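In what comes next, chain A is part of two complexes: it sits with chain B in the first one and with chain C in the second one.
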Partner chain A sequence: MSATMELVCPAGTPASLRAAVDAGADAVYVGFRDETNARNFPGLNFSRGELADGVAYAHDRNVKVLVAINTFPKAGNPGPWMKAVDDAHEIGADAVILADIGVADYAARNHADLRRHLSVQASASNPEAIRFYAEAFGIKRVVLPRVLTVAEIAALNTQIPVETEVFVFGGLCVMAEGRCSLSSYITGISPNKEGVCSPASHVRYEEEGDVLVTKLGECTVNRFSAGEPAGYPTLCKGRFLVKGKPQYLFEEPTSLSVIHMLPELAEAGVTALKIEGRQRGRAYVAQVVAAFRKALDAVATGEPVSAEELATVTEGRRETAGVYKRDWR
Partner chain B sequence: MKRSQPQTKRSQAQAGAPPLTPFLLAGLALRPVPPALLQPFLTFSMRAIERRHPSLFERLSGVEEPEFLIDPTDLPFAFLLSIDPLLPTLTAYTDAEGLEPTATIRGPLMTLVHLLEGRIDGDAMFFSRDLVIEGDTEAVVALRNAVDGAEIDVVEDVLAFLGPLGSPARIAFQVGAAIFSRAATDMETLRSALIAPALKRSEAQAAELKDLEDKVAGLSQEPRRGRRRMPVKKTKKTDTE
Partner chain C sequence: MSKLTLGPVLFNWPPEKWRDFYFRIADEAPVDVVYVGEAVCSKRAPFFDPVIPDVVERLEEAGKEVVFSTLALIMTEREMEGVRALTAPEAGLTVEANDISAAALLKGRPHVIGPFVNVYNEGTLSYLARQGAVRVCLPGELPRESIEVLAAGKTVDLEVQVFGRLPLAISARCYHARARGLTKDNCQYACGDDPDGMELETLASEAFVAVNGTQTLSFTCCNLAAEMNEMGVEYFRLSPQDTDMVAAARIFREILDGKESAEGADDRLADLVPDMPYSNGFYYGVEGTAFTDPESVSE
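And now, the complex of A and B:
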């Protein structure tokens, strides 16, 4: 059993990067301040200069920096994505996280020494697909979509020549990642090309007395009654009227948390654990990274993982083990 | 750009009671104070933050000069933050009616200060409904990210800006912080005492409700246990089955 799984942590700002490093991250993943990454939120992400400073800070403390370039270039305009790969290489990033095969091919041909990871946005979940990415573009690690049980991950790991990275905490995308068009349908802005699901420019929060109404464009996504914990205004976690009754159609507002399954994931041959949340504040980053660092250290020494209180930072203040334990099957 | 319609302090009070904090009491005492008297301190604080954290305003450059109404629910004042890249300003108002901010952010003062300093996570505060956001969400998200990335420490920023006066001001602040801490503890004790009877009633009602739910669950199972099975008529099996 491998007890040295790598802890890969999010950072949306230089301050969050430092918080992640200081809290015990093995690697921090970031994005440039543009549409080349899947967290293209206003006021978030790194300028080239900020990334250079961040890489220096992390490397001084033996922590890696991974740059997510994980959206799909718009037809006829691949330039920003290729420039992002060039700049990540020049700045000294330890790896780039890619989704598009054209960008992966560009990185492999022009920067063979730059380690390439396959983003969850590529939605590669079977051995054939993953082997193709490894053989064609020299992908060294695949970030698995959140659709596999632990047993399926263990089986997959015996059939592929690359490392696997899995999400262990944070926002839970329940759709086929990289292929979901729900948000695009309502807003006209694509998470997969423009890097933002449920863009803030189209989100409205309205207080109707004690009721919080969340809207995406003209579509009411949810109505939270007084005291009811709220969630993100994403359609996949919306509560809609079905035969006159408000119901969650796909998933309720909840976050993924498998802090208690780390030994099982290690047993399944997982190389790296990913915490979601580049859009979250540095207080979240510090709290969650510290909790997982402590848990990983406990696993490494064979001690039980203590029950860390992470519920306060979860969406809807609820958590789930998601598909890792497919109880409903 | 869509403008949010800020609630006045009166309508906000109708929407939800402010938390019982030392600021609430201090605010009551400050109510007769004209906001103009606060202005020199607010302007001074803004200059201190602007000078120490230029990246904050640089991160907001993608948003078109937004104005945020920062509305602490336990103070009789609200503050209008104008993000003019050349001269950002913070202005106090006792009545926000008539203002047309880009967005409004409402919550207890300490929550807002902790958010400003990145000590708590804004999304978590939103999930728990401790924070109310109205108006242009994109502008709020940009402000949140910019502020969180700036590593602001309100006290340190102001003290650093004071220069040689920083040391005596630090001592004064430490004394004030100790008084505040004691007051906060006392207020929490007072709050607990005030809500204790209501809490006791609520717990009794919850127990009663649970009892009723158990009875209903038991009743819904009883007929099933007592129900007699109807004899099933046997039919000849055919080849097509």
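And now, the complex of A and C:
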């Protein structure tokens, strides 16, 4: 069993990058400040200069920086995506995280020495798909879509020539990533094209007496009575009428946490653990990264893993082990 | 020469109904290409497998090009084996790859790329063409500008869905099972209850989406009758709904042949899907639920 799984941590800002590095990240993943990455939110992400500074800070402390270029270029305008790959290479990023076949082809042909990871947005969920990306574009690591159980991940790892990285904490896509148009169906803004899901620009909170109504565009995503904690109106975490009955049909307003399953993931041959949350603040990042650093170090020495450190960041929110447990499906 | 295609039935219909549907398509529908096979959930396939040979024979006798559609989301070893069998050279089948794994297995042989593979731009399109793709059905969320760029520089035929509920998402989780408090493993084939998908409403009782097992579809019915002749693509897909698809095919054939207007088509199609509002929003680059009168769109 591998005792050295790599901890891959989110950074939406230079301050978060430093916080993640200081808290014990092995690698930090970031995006440029445009539609080339899947967290294209206002006030988030890195200019070229900020990335260069971040890479210097991380490299001084033996931490890697991975650049997510994981949306799908608009037809007729691939320039920004190619430029993002060129600049990540120029700045000295340790790897790029890619989703689009055209972009992966460009990176492989123009920057053979730049390590390439396959984004979760590419939805490579099986050995033939992963082997395709490995052989065609020299992909060295695949971030697995959140559709596989731990047993399936273990079986997959015996059949592919590349490393696997899995999500262990944070926001949870319920649909196969990179294959969901729910957001653009309701708002016209798409994770695949614009790098935004359920955009804040379309969120509305309306009071109807004691009831708080959350909307995305024209769509009512939930209604909360007085005292009920109200969440952000992400479409797949909304409450809808199923044959007239209100139900969280896709998923409850919950987030992923499998800090207790780290030994099983190591046993399954996983190389790297990913924490979601580039949109989160520096304090959150510091706390979550520190907790996972401690847990990973415990796993390495065979000690029990404590989730206590995470209690403050997850307080009041529901957690799930998601698809890693078979009955989630 | 424009061609009409009939996409795979996405819903869990009883096998006899499924077989008779295709028999009637073979005998009466003016479509050139018919896709056959289970794209959504591998648990359904065993029910259809026994009737597939009869369906294929009937379609081929009627002169239709038959294409076998693969699963969109492949997670288990059994599902992977199914795709390997379908794409094996010795099977000699024309296959639509709905996952990149199938496209990889078909490399070097002519094949079709289905709408569940992300082809958003010319870089991806030309890569897949070099691998042997001869036709690519574009994802439903592509706007007109993208379709035009891809059509202008293409080396393969393009296909666009012009009728039927649009696929929006696929998941490991089965929502039909979940609606009944079950899981995918013990689903009791709940999706069989809803031949056009299970319609969800918002808490404000407004139409939202349609659920089809592990798949989520638009509540609205995609209708690009007014736009199809301007797209610059050759193939137009009708996605089967639980209605008279022969009648739907005739209407779209008449539009392609210049014998019916878009307005006339809209009126006649409304009789076929009376409970589904139309949408063309993705095509116009706005929310997918929208239905824009093409007359009001400036060039």
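Criterion: the second predicted complex is superposed on the first by the 313 of 329 C-alpha atoms of A that agree within 3 Å, B and C clash if a C-alpha of one lies under 4 Å from a C-alpha of the other, contacts with A are read in each partner's own complex, and residues count from 1 in each chain.
The rule is simple: contacts are C-beta pairs under 8 Å (C-beta built on N, C-alpha and C of every residue); 3 or more make two chains touch, one makes a residue touch a chain.
The model shown is predicted, which means the values in this text are computed figures rather than measured ones.
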First (chain B), second (chain C), both or neither touched by A:Phe169: neither
Partner chain in contact with A:Phe32 - chain B first, chain C second, else both or neither: neither
Contacts of A:Gln247 with chain B and chain C, given as first, second, both or neither: second
First (chain B), second (chain C), both or neither touched by A:Phe224: first
Broader residue contact with chain A after superposition on the shared chain, chain B or chain C: C
Which of chain B and chain C A:Phe132 touches, first, second, both or neither: second
In the complex with chain A, residue positions of chain C that touch it: 72-77, 79-80, 83-84, 99-105, 116, 118, 120-128, 139-142, 145-147, 149-150, 166-175, 178-179, 183-185, 198, 200-206, 208-209, 211, 216, 218, 281-282, 285-289
Chain B-facing residues of chain A, complex: 12-16, 41-44, 199-201, 203-207, 209-210, 212, 224, 227-231, 253, 279-284, 287, 312-317
Parts of chain A lying in touch with chain C, wherever the complex brings them together: 72-76, 78, 99-103, 105-106, 122-129, 131-133, 136, 146-148, 152, 155, 174-176, 178-182, 184-188, 190, 192-193, 213, 217-223, 236, 238-243, 246-247, 249-251, 323, 326-329
Footprint of chain A on chain B - complex, ascending: 15-16, 59-60, 62-63, 118-124, 126-129, 132-134, 137-146, 148-151
